[in-house]
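Here the structure comes first, spelled out in structure tokens, and everything after it is commentary.
Chains: A, B, C, D and E, in written order; residue numbering restarts at 1 for each.
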Amino acid sequence: MRGVLWRLAGSLPALVAVIVVTFVLTRVLPGDTATYFAGPTASAESIAQIRAALGLDRPLPEQFWSYVQALMRGDLGMSLTTGQPVLVDLVNRLPASAELTLVGLLIAMGIAIPLGVLAAVKQGSLADHLCRVIVTAGVSLPVFFTGLLLVYVFYYLLGWAPAPVGRLDAFATAPNFVTGFYLIDAAIARDWETWQSAAAQIILPACTLGLFALAPIARITRASMLAVLGAEFIRTARASGLSSRTIILTYALRNALLPVVTTLGMVFSFLLGANVLVEKVFAWPGIGSYAVEALIASDGAPVQGFVLTMAILYVVLNLTIDLVNRALDPRARHS
Amino acid sequence: MIGNEPTPPGPDGSTLLDVAELSKRFPLRRKGWFGGGHPSLVHAVDDVSFTLSRGETLGLVGESGCGKSTLVRLITRLTDPTSGSIRFGSRELADLPAKRFARDADRARIQIVFQDAGESINPRFTAADAIADPLRKLKGVTGPDLKAKVEEAATLCGLPVELLDRFPHQLSGGQRARVGIARAIATRPDLLVLDEPTAALDVSVQVTILQLLVRLRETLGMSYVFVSHDLNVVRLLCDRVIVMYLGRIVETGPAEQVFAKPLHPYTRGLVAAVPRLDGVRDGALRLAGDPKSPIDPDPHACRFHGRCPIGTDRCGLDMPALRRFGGGREAACHYAEEPA
Amino acid sequence: MDRRDFLKALPAAAAAVAAPAIREAKAQAPTRNETLLLVQEYGPNSLDMQGLGSSQPVNGVALNCYDRLVSFKRQRVDDITTSFDINALEPELAESWQEASDGTSVTFKLRADARFHSGRSVTAKDVKWSLDRAVSIGGFATTQMNAGSLEKPEQFVAVDDKTFRIDFLRRDKLTMPNLAVTIPFVFDSELAIRNSGGDPWAKEYLKNNIAGGGAFKVEAWRPGTETIYVRNDDWKSGPLPRLRRVIARDIPSPSTRRALLERGDADISYGLPPKDFADLAAGNRIRVSAVPVPNAIWYVALNSANPPFNNVKLRQAVAWALPYEQIMQASLFGRGVPMWGGPSTPARLTWPVPFPYSANIARARALMAESGVGPFTTSLLFDAGSGTIAEPMAVLVKEALAPLGITVELNKIPGANFRGELNKKTAPMAINRFGGWLDWPDYFFFWNYHGNNSIFNIPSYQNPAMDRLIDAARFTQDPAVYAQNVRGFLELGMHDVPFIPIAQPFHDVAMQRTIGGYQFWPCREPDFRYLTKG
Amino acid sequence: MSSSTLRHARHVVSENPVTGLALLLFAFFVGAAILGPSLAPYDPLASNTMRALQPPSALHWFGTDQIGRDIFSRVLVAARLDLGIAAASVALVFAMGGFAGLASGFFGGWVDMLVGRIADTIMAFPLFVLAMAIVAALGNTVPNIVLATAIINFPLYVRVARAETVQRREAGFVDAARIAGHRDMGVLLRQVGPNIMPIMVVQMSLTMGYAILNAAGLSFIGLGVRAPTPEWGIMVAEGAAFIVSGEWWVALFPGATLMTAVFCFNLLGDGVRDIVDPRRRT
Amino acid sequence: MSAVLDVSDFSVEFRTRSGIVRALDRVAFTVRRGETMALVGESGSGKSVTAYALLGLLDAAGRITRGRAVLEGVDLTAASPSELARIRGKRAAMIFQNPRAALNPIRPIGQQIADVLRRHAGLSRRDAMAGAIDMLKQVGIPDPARRASAYPFELSGGMCQRVMIAIAVATRPALLIADEPTTGLDVTTQAVVMDIVAKLAAETGMATILITHDLALAAERSARIAVMHAGHIVEDAATKTLLANPRHPYTRRLLAATPTAAGSLAALRSIPGNLPDLRRDDLPPCRFAARCDRRLPGCDAKLVWRTIEPAHRIACWNPA
């Protein structure tokens, strides 16, 4: 517990740095919030007026101070593009991104880990080479391109996938909010029609993401599996005549999972960032596309809010990985 | 060269190295909320004193974790001591930070042969590069002069000159050991520290390396500090021996006598545990269990207390100091008796 | 805008967003045939078109969820499209109106049965509050009101419960038409004030809530995701809409929107790239309604205030060098009316009107020589947001100017910064599209060519002669004087070419064959009141 | 490289045909990058609206785009820019991250702390969005794209260099170098540095692919290289609008080329790793 | 006493890139119940390969090319991988050097012992754990019930080696192969660990093969020593006989190079030359011939195994 708190405290400097860097970045972004607010027909005076009202005419440190004060109150500012408080937008959109990323990650794990294990167990075999080519091809696909292609083929040409209109079919109703994850919420509500719609909608974008996550996971699984299979304790296990099932699953895989878990964390945070492009293609109402739109529109507050959310997520993620590692590895628990 | 006069060599038999009350403690990194309390200390080397004469070979033995390696790093000035003195010739080296010592004039005079010759040679260096490195850096030798000196050192160590352009992985274990020795003697040091130089070698090769070391000591007039866990080898090579236990010296004396009639119960256990070609001796002394933790040891208790077969309550309350015995021997045990 | 206001609004906004999640099942849910699925690039960022910073789709909210006093007269243009007559008005909330004989005011009689969604009867007080708000709130709404000489709250008088009068500041032909655009819509002022939290114009409340009496209510609004409208069954300002529910989904990818239409999953979409409209129009599965956007052109602006384009010969040379045909083909895919190759004097006194230029490299070279400007490098600004059209256009312009010794660097600016860049008025060349809601030539010229140098005067064009012509045309009552001045500024514009018109764009809307009743308005947002399905 | 390394390389290629294929592709891309502009059958910038959106044919192998430019020529010419950006950013991050990681691992203490904090901070950003923000803030020029790509890769390089350095910090040869009179900086740059080089080279070839993707992604969003410069990401973005309408070649060829290039570099990264360190093969 | 393991004519090859390594050539020996036999040799002599090959633990490159190895009536060279897996750990077990690395770092030691019991003795989870705790007690680990849930990193090297021994002998195997079990341990710990092995062997009557490079350790701990050189067993005799009367030139050389508690450095002699390259096709029949000072012309013709007196075999035409 103390270790956890320590970890949290240790991540504070990074969070502060993130806040500062984002603030500076958004201030140097070209584009002028006041001009945007003033509307197309505004005069110079009215723009100046609005600038003063927004506090944009004050010196940067002062602006930063009021930004931090607002942050302390949980106020992340307003989005110009959606017209909503950034916090509300983020709260509404985060589950969409998280659900998409998690499902993508699960798909990737479901394929990559067995593939990596197989490749390691049959090192140098055809399966190994094939696995290498497949996962490398997966990571080589630009997600923006894969997404388009998948939509074109599976929706437009074949009609197998539902219309890429977001998290639910247009005529379906969102399940009652419990976790914000439609798949879970619909299951809780036992609303299988909605569940099906949500599942059908998520499958293509999640695959697009998953394809991208395949390689790092398969790669690290194979590498760490190979390292573990070559370890002396595996030789002991074999010398003790344990079944190959026990050796591979209980002895090798559990040890091999330690670096995999660490990588999963990185992959997850990487995917959270990478799904900005996927969300755009699939009209997915997540925070990624939200941030990109805002960035393109030089809309600072959502970008700041997004980055801050991601930074916090990153911290939480690392913490989770730490905890998982502790659960898996007695040595980590000890130190 | 940084304005330090190199120590002038003294006559054979005079004191070359005088280590006094040398200690090294490592703080343990402890994550406290406000860093409160004193950090725990690992007592790696604790209050160690000894001298080494010119031309002498001093053996250093003890179990893993007894502080041998730290002591070696201290006297080769790779690490700074926590307290104590290291006099090299007439010069005090303990106050000189290891960083500064790197280019000191005396750096060339204290060299070391590392335990694993393969690992101690930069994999991207050829044998010649490795041997040339200290010559170039410490003696400023360059050009053809350098080549000659490298070849000379190699030849002295029985390393064929044609192997000089090979990389470490292209050499056999024995050849690598020779490269390691050639590098160490290239600058003609007065003190050579040998850190288990034959531990990774097969017996057949070990013999030649040991014989080479004896020959080099005689021709170059060096003093050795020889670290090994193999008591038989130590006995063969060393004039005197130091036995360490948990950072402290428990016994010193002429090698032959220490192994023949150990005074300290730990030395007795150690000697008894060495397998012998003449077969097992029933009822030999066994040291069961493991050494205590070196972290914040009780300053009043004998470090061997608890594992000692003859220890009494007194040993837990009163740490025995090194006592002198006849024949130039010392032992740190309340119950050690003058050898018969 | 105070950040504290934002925070206070937070729970309300969150509730507004969360509320639909606990929608109760309606007794008689609308059938799919009564539900329209509209897919658009992006949705409204507010529910209040009068508010600051409202985006284009908010016009749709104003149009469908609020009523105005009057609307333009609807006018059928082809078998799928109904447009409007800007010179004729029809009743909406007002059942009749009467201009005073001295021409200083107009008095409206409000519909007796008109009720807000709240059930309260619409009164003249509400109309006054709404128009007061429009002229006082600042930003676009106020500017638009001012364009019709609607400037002060004192102009608006609630005579009695159902009688409302507007006093004219001056005689302005734009005053009455300006009452039919999407700005002067009528709020339920009591509801708004009750929830205003002390703000006289209830900006925060109205941004997130509908307080009106239009034909539709907003059932759910998830900014950036979807907006769901349901019919107001008690609507009296017109025939009850056939659609009972409209789902407007934000689908940023145009290819996806096209695919949705082609596969029959969406009913209607607009804002596709011209190529897609061209393809869809050529096929017969999807219907495409195309209306040339009134008062609008795609143009290349040349900065007339600074060298080198302050040289009129150089501007003319450029106008003679542009590859109009190629642009029309490769960039607009024919979705527009050509604005080049016209007679040397305006063929008609309307706007836009074809300019006399066309691609003629020999004339361009000659004029270039005459101008005395040597080879130079310049840059061409365009909006990344309309990149599908502007980018190929820019590339073609760049290529076409190379033979004249003009090296053009393309400067693609992300949407939000584009306006800021334009505002700097320093860009030597810019590609842009402008359309005024009120379809008069002098309206366009006032905003674009006038020396008052509004933001839309991208070339920073300054010519006192032009200003005189425009001002004279704007406020004359005499048709002959008007015609003379319009002819004058059109000709001057053609000669000085600070703007080189390329084409008058089509406003394209693609829809399933089952969709009928498409209505085009100046704001260009779809009007659900007339749409039918099945 | 010693002759034994070469022999080993040859062995790796012969044992692993995939690496051979990657090498072949690599040669092709490098060739395109060097010779591209002189090999291109058409001017990559010349439009011809008469021949707009032509499907692939003998005249135009990859077809033509919206304004009739030859896609094959554009794809070919783009190789130099795309690979150039990737190579430059990888070289930059190699220098920055490699040294920072080396120093961090070697000296520990506050250097390690500082470098770790910087890397942590960068990692806490969603990387692609950070790259977007940097480019958006500094302006979308090629040097800024290179810089942004380098910055987001920085933590990765630091991590690898640091781990490798820490592993070697305690190695015998480091002590040997000290004994031989090397000071810290000397040991760092001349002893440890060259030893972590092979791993860093592997890292470079592995991140090349990612760097290409990143640059193309930025261009796709509109924050990268400016039109009408031929660049794979922009070309995919431009072509994306035409996929549904059936002009698949506009996006497909640049997209497939982009993919192949990244694929090639990723495979090559594995191959280089095999050559440098057979035990690490994954 | 009956033979637990009878190895005859046992050859192993490794296929590598640079050629076929003839790692073992016609190795033959017998271990009896309760007997401890030492396989002694320098690195590369093939002593570990022998152990690995016997238990079917060779990696993919290695294979047994000829010979038989009969363990209690079962020919291990003819057994299928799954049969071998059932024999390993049940009837023949093995312990290794570097015990800490040889244990699963993230599995409690008790579990690791219990895994073997469950697999081979078919015990329930609970019985297996009880058995594991009992085994820990037998190998002299204090407080076994509590230590059973400890992880390897929490134990000293000596303790880990005891756990290894517990894993190996948990199923009362007929044969224990100890592959350099004390290399890397301190001499004091080595003595204790070897005592435990001896005690367990005496209690259960299992045969032990002690693989070591340390002739002194072999002398102290085994009844019989087989000396290996370059894939051959060059001499195999009772320990006393071998030390007192070594006949093979290599054995004599090895003894002459081994430092003893008495004697001087000058008296030690190294062995000239190197091991032959086992990849060579023209490997001489006697692989020591090139280094041998008693070499005869006949040495180049054929290798001979001779029993020169009961229980003393050598591979030499010209023994000392």
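Note that in this section a residue touches a chain if its C-beta (ideal position, glycine included) is under 8 Å from a C-beta of that chain, and two chains touch if they have at least 3 such contacts.
Labels paired with UniProt names: A, D = ABC transporter permease; B, E = ABC transporter ATP-binding protein; C = ABC transporter substrate-binding protein.
Treat the numbers as computed from the prediction; the structure is a model and nothing was measured.
In summary, the chains found to touch both chain C and chain E are A. Comparing chain pairs A-E and B-D, the larger number of C-beta contacts belongs to A-E.
Centroid distances built from C-alpha atoms place C farthest away from chain E. Averaging Cα coordinates per chain places chain A and chain C 38 Å apart. The geometric centre of chain A is 23 Å away from that of chain D, both derived from CA atoms. If each chain is reduced to the centroid of its CA atoms, chain D and chain E end up 51 Å from each other.
Here the CA centre of chain B is 33 Å from the CA centre of chain E. Looking at chain E, no residue sits in touch with two or more other chains. Within chain D, residues 136, 222-223, 240, 243-244 each touch two or more of the remaining chains. Residue positions of chain A touching 2 or more other chains, listed in rising order: 30, 148, 152, 156, 296, 298.
By the touch rule above, chain A contacts chain C in their complex via residues 30-32, 35-42, 46-47, 50, 53-54, 66, 70, 73-75, 77-85, 87-89, 91-93, 148, 151-152, 155-156, 159, 163-166, 170-171, 173-177, 280-283, 285, 289-290, 293, 296-299. Across the complex, chain B meets chain E through its residues 63-64, 172, 202-208, 210-211, 214, 229-233, 235-237, 259, 269-270, 272-280, 284, 286-288, 290. Residues of chain D touching chain A in their complex: 16-18, 117, 120-121, 123-130, 132-134, 136-139, 209, 213, 216-217, 220-223, 233, 236-237, 240, 243-244, 248, 251, 255, 258-260, 262-263, 266-267, 270, 280-282.
Residue ranges on chain D touching chain B, taken from their complex, read 2, 4, 171-173, 175-184, 191, 194-195. Remark: chain C residues 1, 3-4, 6-7, 9-10, 13-14, 17-18, 20-23, 32, 35, 37, 39, 42, 44-46, 52-55, 138-140, 143-144, 207, 222-226, 247, 249-253, 255-256, 259-260, 262-263, 265-266, 384, 413-417, 419-420, 423, 447, 454-456 touch chain A in the complex.
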